[in-house]
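Labels A, B, C and D are assigned to the chains in the order they are written; within every chain, residues are numbered from 1.
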């Protein structure tokens, strides 16, 4: 039970940190051209979205109820 | 465009000049060669071998159906037709059209020295023979018997052979996925300077569309096969209704690949026809852009129609309508192709070489196959036809009368380029005629058998169908015999076929600008392309092409670019 | 131009229009025969919607045949007229024409129009197959290795390998495969003379709707999905009887008053329903039944159907003699359990309800239907 | 520098004498082709996962309630909090990998090593977490129900990809130690990074589909 609380809080903090770093990385090579950079941008963006999802899951906004 | 003028300045492409040294030693040269031509020859030989085996299996089917009670025991019969179908689709036609023709012709036509990833090419080929052997070996363990579609749940109860079938097809799937990736990169990145997309030969367009399909669709099949294998071997419930799975799920996943697979099999044949017809009617292909784009359109639409194989399987009725309508839409780009080919014949100077005869036969049989396809697309009609011999007739019209006729045309067309020797024209023409007649006598009656109530995949059938089945069987023996004619022709050309020279047909695409068989590096110097191919009136649109002496002079004097070396 | 020997004809070719006329006339004649004859199927049309489906076949045949004639005709014509003659020099070339926008426009538009017409026609026929009108006789066909069995309402046991339906009675046929205990395999149900087919997939119920119009038989019922070694031998016979003959046959099969649609075990439940009280039933229903059954219309399915108006519910499938289910039918189902096209329900022992409970529940259901 | 270019520009045992510029173009163009090939490979891999995801959603659609009922009991949901934790481990590794590549581009080999090692550690941690999850997921095992089938197959395939990724990154790291790459010739590292990001993104989908949805 309290293990779950620990996991949640770690995930919460982690989500913020990782999300921020991911967005920064995204912002940095936003103007970079080339197939590799564009693919990276797409993937990083999706990963940032993943962080947002984890964030909301951790604060219990989304996820199965009950 | 009347005169060939450079509309784009050819950029130097050092990577095109990059060459890996010719291997010495038999193994590296002929067994594990990375030369796309050698690999193409390997595909030709292997797929040809499987073609013979699968053909013999087909004759076993027809022998069984000589009597309405069946000749073989039902178990054997079911295994025979299932392996026949699987082999013809995955081990014969697909390797032939993309592995063999794609590998040999496509790099030559875009002026490349090899494909983008030669080692990948080598790896892709060497997944192919083992797959075939595994499938054949499955006979020892109880071969798959539920048809080439292997619908669960019955395929879950079949003996171990079906798991071997999964493995074999999975290998083939990986092989064609890798080939697809390889070809796409090759076509995108390795075209000769100045060869814009609209200057690519139409076979290259077809290869590109096919490669795309291979790359995307085949992994879906891999997933379906993996799930089937896991369920068979470890009881993981995906398809078994008694454990909560869904048999229909397999049908969705299987057909999501296997309908595009139909286009994987037919698009390269389209490409071959689009090369053969201009050459032998000495005319530019009619409506180049329409033909090229229709290939892409067909490839894209091909992904949205898979469920038309499942109209009777039990899906939401309203879903039937979109699938029916999109399926019917495919008739439009296909029709455009057919009409453009007809218009290419018009006003030509048509030379009835075997390749041309097969191309003409293709137009007729494939049109019929398309018409019956329309019968099957219309849901209410399909409710009567589904699972009958009408379907069997239809698929043989599109796969035999389509793909195989295209393969024959391509073989006669590129044989001189591949071997450096001519085949026997007369014998080839006989082959074309015999094949055409025997083919139609074999597969046309199947449509009526089906409509009158003969279901497919049966070892025995109602007695009233016996007469027509015997007709079909006898004609199929002639069809099989006709295959011997081209084999004999090949042997003949090896023994006493006369030297072909670089360009025996007076064709205008790049592969004919170099000696036959092509040298290891294909092009001594990679040429620059100034205009579209097929403009027979104009000088050849290639510069900097330092080919073998006497091959071609691209001078205004030579009207066709045709010069008889020797 | 450099190529002195190029064919420079402006005409479409000798006798082009003659050939065109020939192709069109041939197509017209062919289409006429398609409609005049039984082409392409020629089997009797023993039930709705066979005639509609055949009309689609004929239309497709006429259109497709015409397209085929046009393609084949012109190809042969071009091949003959534009062949390379012995006299032509080796580097003779054809007319150097690349495209013709007008032509290409038309041969894109005309097929598109044709496709649209065909799609509309097919859709119209398709929708006629979807109609749920009538729904008088609701029955089941079940595929086994290697025979068919047919469940009739009010018939205790399924009938094997013989399907009788009364003429002019709309039939709703639910097909499935593999009852519990059998190895699950696909089968197919096809009566060519009816032109309808449905796969019999284990764990899935597909539905065919048709109205027999011609007394006759036997016709073939054919399995059209591979179902094992003897798939080819899997047949049953199909008869369309007059209502009287059908009733006679039905009686011979042991059809009597009793169970509800879908065919649970026959006869009477033998439970004294008089003593039941609706109030006790209500509490029992909440405890035992409400998990699977709603108390509103029959069509409102939870796991089982809604039972609110079961004794006065238009949504409830009618029986062969179009009589509604009786309280005793309900009691019987609670006692014996139920297996049928609308689902399954365990029997009284599994549900742990006594005969008295059943009596109370029935009383409750009756009270619901009265509301 | 030249070693790198030769490694990449040419097949093994290729003997030309090239001037440097020519060599650079060769390298650029081959890298270009390999990149496209690699991205196409990722696309077909996406289809593989999509097919299984389709299977999962299809099967899920065939039952009235989710998780499904096995032997009369409804199966439990999966352990969401732990999954959140584990996801962050994987996403974090994606960020560290990104920084590893950036540092390599700027020639900061020391920091590259740090982040590379960090990435691999996180990857291994994620795999361990999956192992923990597998041992605790009480959903009737792989072959118990459609839930177990789709969950263990999909996450198993993803785990296999992660495992391959860890090995791949380790090899790349070793290659950097072999002076295989330099500041301008590092296609292998680009490919590794793309692959690792790809694995992360697949997990985003799986996390949503199995834990949230």
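Just so we're on the same page, a residue touches a chain if its C-beta (ideal position, glycine included) is under 8 Å from a C-beta of that chain, and two chains touch if they have at least 3 such contacts.
In this text, all values refer to a predicted model and were calculated from it rather than measured experimentally.
Chain closest to the overall centre, judged by the mean of its C-alpha atoms against the mean of all protein C-alpha atoms: B. Centroids of subunit B and subunit D (each the mean of its C-alpha atoms) stand 35 Å apart. One simple way to say how far apart two chains are is to compare their mean CA positions; for subunit A and subunit C this gives 51 Å.
If each chain is reduced to the centroid of its CA atoms, subunit A and subunit D end up 16 Å from each other. In subunit B, the residues that touch at least two other chains are 246.
In subunit D, the positions touching at least two other chains are 36. If you draw each protein chain as a dot and join the dots that touch, you get a simple line with two loose ends. A list of each chain pair in contact follows: A-D, B-C, B-D.
Every residue of subunit C that touches subunit B in the complex is listed here, in rising order: 1-3, 6-7, 9, 12-13, 40-43, 49, 52-53, 56-57, 60, 64-65, 67-68, 71-72, 74-75, 78-79, 82-84, 88, 90-100, 103-104, 107-108, 111-112, 115, 118-119, 122-123, 125-126, 129-130, 178, 183-186, 188, 190, 192, 195-199, 201-206, 220, 222-233.
The residues of subunit D lying in touch with subunit B in their complex are 9-11, 13-15, 22, 25-26, 29-30, 32-34, 36-37, 40-41, 43-45, 47-48, 50-52, 54-55, 58-59, 62-63, 68, 142-146, 148-150, 152-153.
Across the interface of their complex, subunit D is touched by residues 13-15, 18-21, 34, 116-118, 120, 177, 180-182, 184-185, 188-190, 215-220, 222-224, 226-227, 230-231, 234-238, 243-246, 249, 252-253, 256 of subunit B.
Residues 1, 70, 74-75, 78, 145-147, 151, 153-154, 157, 240-242, 246-248, 281-284, 286-290, 312-314, 317, 320-321, 324-325, 328-329, 331-332, 335-336, 338-340, 342-343, 345-352, 360, 363-364, 367-368, 371-372, 374-375, 378-381, 383-384, 386-388, 447-448, 451-453, 455-462, 506, 535-537, 556-560, 562, 564 of subunit B are the ones that touch subunit C when the two sit in their complex. Interface residues of subunit D, counted against subunit A in their complex, comprise 35-36, 39, 42, 77, 79-82, 84-85, 87-89, 91-92, 94-95, 98-99, 102, 190, 193-194, 197-198, 200-201, 203-204, 207-208, 211-212.
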